[in-house]
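Two complexes follow with chain A in common, the first pairing it with chain B and the second with chain C.
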Partner chain A sequence: MPNHSEDHNLKGLESLLSQVRGKEMSADQKNAVAFLTDNGLPTRRAEIWKYTDLRWVNQHVFTQPSQVKHKKIQTWLEKNIFASEALFKLPRLILANGQIIEEFSTFFHNSACELELKDYVYGNLGQPQRDVITALNYAMGKQTIQLNVPKNQHGGTILLIHLGYGDQSGLASFHYRLNIELQEQSQLSVIEMNAGSGEYFTNPVCEVKVGSGANFEYNKLVNSSLESFNCSNLYVTLADHAKYRQFLISKGAKFSRQEVYMDLQGEWCNASFQAVQNLHDRQHADITTVFSHLVPHCQSDQNVKNILSDQSHGVFQGKVFVHQKAQKTNAQQQNQALLLSDQAEINTKPELEIYADDVKCSHGATVGALDEDQLFFLMARGIPYDQAREILINAFVAQAVEEIHDPIAKDLFKEQLGVEVVEDIT
Partner chain B sequence: MTKLTQDPALLKQLETNTYKWGFETQIEMDMAPKGLNEDIIRLISVRKEEPEWMLEWRLKAYRLWLTMTPPDWGKVNHPNIDFQDLHYYAAPKKKKGPKSLDEVDPELLRTYEKLGIPLKERAILAGVEGAEEMSDVRAPIAIDAVFDSVSVATTFRETLSEAGVIFCPISEAIKDYPELVKKYLGSVVPQGDNFYTALNSAVFTDGSFVYIPKGVRCPMELSTYFRINAKNTGQFERTLIIADDKATVSYLEGCTAPQRDENQLHAAVVELVAMEDAFIKYSTVQNWYPGDKDGKGGIYNFVTKRGVCRGDRARISWTQVETGSAITWKYPSCILQGEGSIGEFYSVAVTNGHQQADTGTKMIHIGRNTRSTILAKTISAGKSDSTYRGLVRMLPRAKDARNFTECDSLLIGDQCGAHTVPYIESQNSSVKIEHEATTSKISEEQLFYCQQRGLSQEEAIGLIVNGFCKDVLKELPMEFAVEAQQLLQISLEGSVG
Partner chain C sequence: MNNILEIRDLHACVMDETAENSCKEILKGVNLSIPAGETHVIMGPNGSGKSTLSYVLSGHPSYNVTKGSVTFKGQDLLALSPDERAAAGLFLAFQAPIELPGVNNANFLRTSVNSVRKARGEEELDPVNFLKLVRELSKKLSFSTDMLKRNVNVGFSGGEKKRNEVLQMTLLQPSFAILDETDSGLDIDALRIVAEGVNGLRSPEFSSLIITHHQRLLDHIQPDYIHVLAKGRIIHTGGPELSRQLEAEGYGRLVGEADA
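This part shows the complex of A and B:
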């Protein structure tokens, strides 16, 4: 295979793949590269990419990420982490431009959660061919971060920070893999923060295995640079009696696509997914989920809220699949969108695919502006328009944030969404 | 192929040739050879005595069709259809007026009997001379029966023409009202809209044409029976209904087909145009042959139905009860252009055995204050699969538009599937869209309650299912509502135990 890496005229996908072409590759990596070379990027004709356009990929020249100056990281940490005592105390792992920065990471020392850094592992995600984002990660990934919580251990709360800094030379891209495994009856809570500045492309793939009776909470904040691109795939498998809770806030990034594949494999497991997309300007954010109920007696719950201002574009494609064997399934899906501007756009497709009869499945979707009656009610009581609006938006989001169990994450997310902490009046 | 069509001698021959290819066993059929090419389209056009512009229109559609591929996004599985292995034209041979019903082909009469057409109307439909005078105007329904692509007769035409309503086979309309047809044909569903509309536009043989003039309230319910009779014939009807300003019409379409072994293709196109303050109500009961218990045979029903509310305050209402066909692929849609126009979609889809149904609607809101309601009830039993697929799109100009969607699925047995795929797209902050969907099974308690009062399990299920569908059934015209209820019961026979 010819080595293209010297060719500076390449654009888009090819400029990305040229970074690995000609180098030594494993069989899986070769497959992924071949798949991407043969098929290129999906267009909006592909059902799963109906509302999200990957055209931007071919409008950029991809470059290798540069080293990030420690000073930059330090400044960010001082401002965002060290200022809060609760966050400061948490064991943390810091990545900058896809590299682990050991100087600022603390959790190697004091946690029941084991960390291991490995070469990229091609795991059990099945066919990378099924998904272009995963295939990209397979093709480009260099490193795997493995987190392990042993049986019966309480791993506490871990802070995972990913910083990205773009430079002028092109679009730097980061592809890493995060594997989290919880053994039987263990517990872990992860807070993930994405932040940065400039133009860059983040493409992590995360695989979570929650063992029998284990309990995992995953709170993720996408607050990346407003010029950045973020495509992230998450694959979760749940064993019997496992519990999974996720909260996702998407407010940064110019372009974001978050795919979640949830396999409920053990009986009596429970998955909950809450998300808020708060978008401005010309931001585009997409949440795509597939919840597969494969065995009886499982429960899942999805709740996605969109608040769209300016010319932003929100997308939610959610699917609940219930296998023929998965009797007594209880699955619920809710999508609400608040359009605050006439130029904003929402596209949503909450989908049910059901093959078992003794199930309770429902979904709902609402799209609308703020309720005029509610606005009137508040304004009639002397609250100015702007403030009344804010109160209502607040209420819309607060409902979701209340679902977060981890108190540190809850405070952080409330702050991020600008939700005022209202004490329970009753 | 093109060389062939340019040969004038051959064309002449085609025109004059009487067709001797193949007779369907029981009824004499006039049939074109299998396959599709420009010659077949010319042949159809010639047989229908169509003007030149119509042929050009068909050929344009055919050329578009050649560049297209069948849609694959529906949740249906079927072997690839060999479009060259079908007859594209089949018409019952014209007999000169039989004197009485006794002279009419008994097979034909038996089919009418199964369809439940009143005796007098049967005579008219069979073309018995003088039958029209015989008929007492008992049931005020005008029927345009499409017997394998050709309208055998149109009843009550005179009553209608007094009111100024035009109700005739589309082939006649092309000849008699070319200006109207030219203006509206393809204006709602363009030839190249999708694979099957292109095919239909190229080869459609008959269908109904309705024009209601300004301010007229159609004096009776209009009704069409579509049946598929001959083997290996695709049925491609084309229906065009135009309601001018302040006009009102209710149109019923009933579909039945005798049992057939081989899969038959049915690709119809229905276009509705509602002008200012007009109201079109289009109701369908479809119970074509769904295939046997092993899923063999059955009709492929790939239909494009679309209505456009051109004028302000226009209203289009689709009601459908879908119980038949091996595969249903059908999305009656509304384009809400006029300010304050209304679109409605009420649907019951029942699948049993190995049936597959992918059906739903599209509501495209363009004008201000437009409103749409979608009510879809899906019942799956046996080894069947049914999908609701619906789109609600709010365009930037659709200020203050509203949509409400409710989709409920009922599963009977654990071998079947029920799916809901709604697409919601909004580019407007003043609109309100609500969507809700549930999937469940018949509650044990309800079943027990009915059985405890002496109903058999099957009767109980029928009763519960009818209750489940009541909101939709009540939208049907009365004649259909009763039939539809019985149909539901019959369709679910053998689905339990």
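This part shows the complex of A and C:
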């Protein structure tokens, strides 16, 4: 029998929204709360949520994030950042449970990239009523981190770290907003690391505007706690001659959904999106992308690799939209999955929607186990089974990691994927 | 008796990928003894089971041994995994060498050599010593060092792939090598290089089993015996002169006699 005396203990989305209800809200926040109240959570009947189930939201009681002890942050930094000279030297911005930790952030003093903090959420690309993930960020977010790289400036490489620590009282959630703007002919490389422990929910929304001729590289590592939930939306616009390169590794989190909306708005711009999802146990990770070619002469390239062990579940939904005006578009999309267990599962859905007639667009998906002949060949050369398997898995991701331009990010990601750093011994 | 390899009444089938639990019998009672120091040749019509024999001996998982035994240097070869067979001294030069995209050739060679050395209780080679060794051998095989930098067999010509196989063989120092049509598709110079590779290993402790369709490799490697494999059995054994006789006559008469 349900205990009616506990009805005031709200669960799920309501327990989340109750944290802001009745408080003073901005117009965007009001819109977002209204949207969520009216629409609730999408179910798997919605096409875009067909393979990923948000039911877990309503199975949790959401709580306010607690303060993280500095000692905890310091210990993490010492082990993961300070131990590497290259990472240690980078200007860094540290967030713990959604809050900027100034004590450990060096970003403020030594970067060509300007930082502005606002104590509310704002943005231009994803509107509050756009979808549940963006709406949650508007409704619950308390702060916007705005990064600007002025015209012709080189912002170098900056390190963005988000640490999450759950506690026993419920599911703490963090909804920070990151907006990055590169003015014309500027450059910036961002390495983002997500890590933590315990059960929590991160819901960042990120907007990136890459100006005319500017060059942005975004290397993101999702290595959050294996008990955590992660829903993150990314909106990108590219002006003419802009270059955007992203590499995403998804290996942490119990549940992860990464949506990427890339608008190629200026002619001759170029977007590259490479991702590796390396999953174990019952992890679920979903990458959903929409690349919109809106003008002529642009190029995009998406390459998503999944390595799925145990009972893990990988999803890739990738859509390429080519507007009628976007002649001479060159768009390529590839999804490969390596299933290392009979119980692992991949759902892949490539979509092309093309209204222009002079374009080159391709997509492909492959799913398979390790190649038996390749394994046999390695073993016939004396290499034991486990090592032979490692070599082939390594080969599957090694080529992708080679695409990373930023040398610091490349080393870090190789280490994170267990890719053997193959020195050229010749 | 000083046989390095002793095959007794070997029956083996290949898993049929199109039908579940179906195994097609290819080897139907092979008997073969190879003493240490000897070079034996297997010839035979297409589909007679020559490559199956080489795969069964090296432990390919698609083949099942249903009957018989194989003793290699006194131990039960069939009980060993492919890597253990390599460590024990068996080497298969593949008819169609496998490509490994994303695997650097030099690193593959070093991992292979060190795995075998480790299993044999020998000291592993550091990169410097390994490179010295591999450079020396590559030179002998007219194997460009550029091929060490590339991915294993990816973009290699037919001749380069076969030379890569011979390089692996030379590095792993086997006591018994099976060359499965290593001569097919090779030009005259490459053929000579492959033959030199094999001849370079010849010693009282080294034996080989050469599978071929042609006399021309045997012009460079003098065999001790030639066996004819047909319909899954060895139907005839002769001396080095047999290959020329077969080239002139074909297999028809021998197969006919065996059937009778």
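The definition used in the following text is that the second predicted complex is superposed on the first by the 412 of 426 C-alpha atoms of A that agree within 3 Å, B and C clash if a C-alpha of one lies under 4 Å from a C-alpha of the other, contacts with A are read in each partner's own complex, and residues count from 1 in each chain.
Note that a contact is a pair of C-beta atoms (placed from the backbone, for glycine too) under 8 Å apart; a residue touches a chain by one contact, two chains touch by 3 or more.
These figures come from a predicted structure and were not determined experimentally.
S.K.: For A:K349, is the partner it touches chain B (first), chain C (second), both, or none of the two (neither)?
M.R.: First partner only.
S.K.: Classify the contacts of A:Q324 with the two partner chains as first (chain B alone), second (chain C alone), both, or neither.
M.R.: Only chain B is touched by A:Q324; chain C is not.
S.K.: Is A:A337 contacted by the first partner chain B, the second partner chain C, both or neither?
M.R.: first
S.K.: If you stack the two complexes on chain A, which partner ends up touching A:S362: first (chain B), second (chain C), both, or neither?
M.R.: Only chain B; A:S362 stays clear of chain C.
S.K.: On the superposed three-chain arrangement, identify whether chain B or chain C touches more chain A residues.
M.R.: Touching more of chain A: B.
S.K.: Given the touch rule stated above, what does A:D38 touch, chain B (first), chain C (second), both, or neither?
M.R.: It touches nothing on chain B or chain C.
S.K.: Using the superposition on chain A described above, determine whether A:E47 touches chain B (first), chain C (second), both, or neither.
M.R.: First partner only, chain B.
S.K.: Which chain A residues lie in the overlap of the chain B contact set and the chain C contact set?
M.R.: The overlap between the chain B and chain C interfaces on chain A is empty, containing no residue.
S.K.: Once bound in the complex, which stretches of chain A touch chain B?
M.R.: 47, 51, 324, 327, 337, 339-369
S.K.: For the complex, which residues does chain A have touching chain C?
M.R.: Checking each residue of chain A against chain C gives 372-374, 376-385, 387-388, 391-392, 394-396, 398-399, 422-426.
S.K.: Could you pull out which chain B residues touch chain A in their complex?
M.R.: Result: residues 73, 394, 396, 409, 411-441 of chain B touch chain A.
S.K.: Which residues of chain C touch chain A in their complex?
M.R.: Counting only chain C, the residues touching chain A are 58-62, 81-83, 85-87, 91-92, 94, 97-98, 100-104, 106-108, 110-113, 115-116, 119, 127, 130-131, 145, 148-149, 168, 172.
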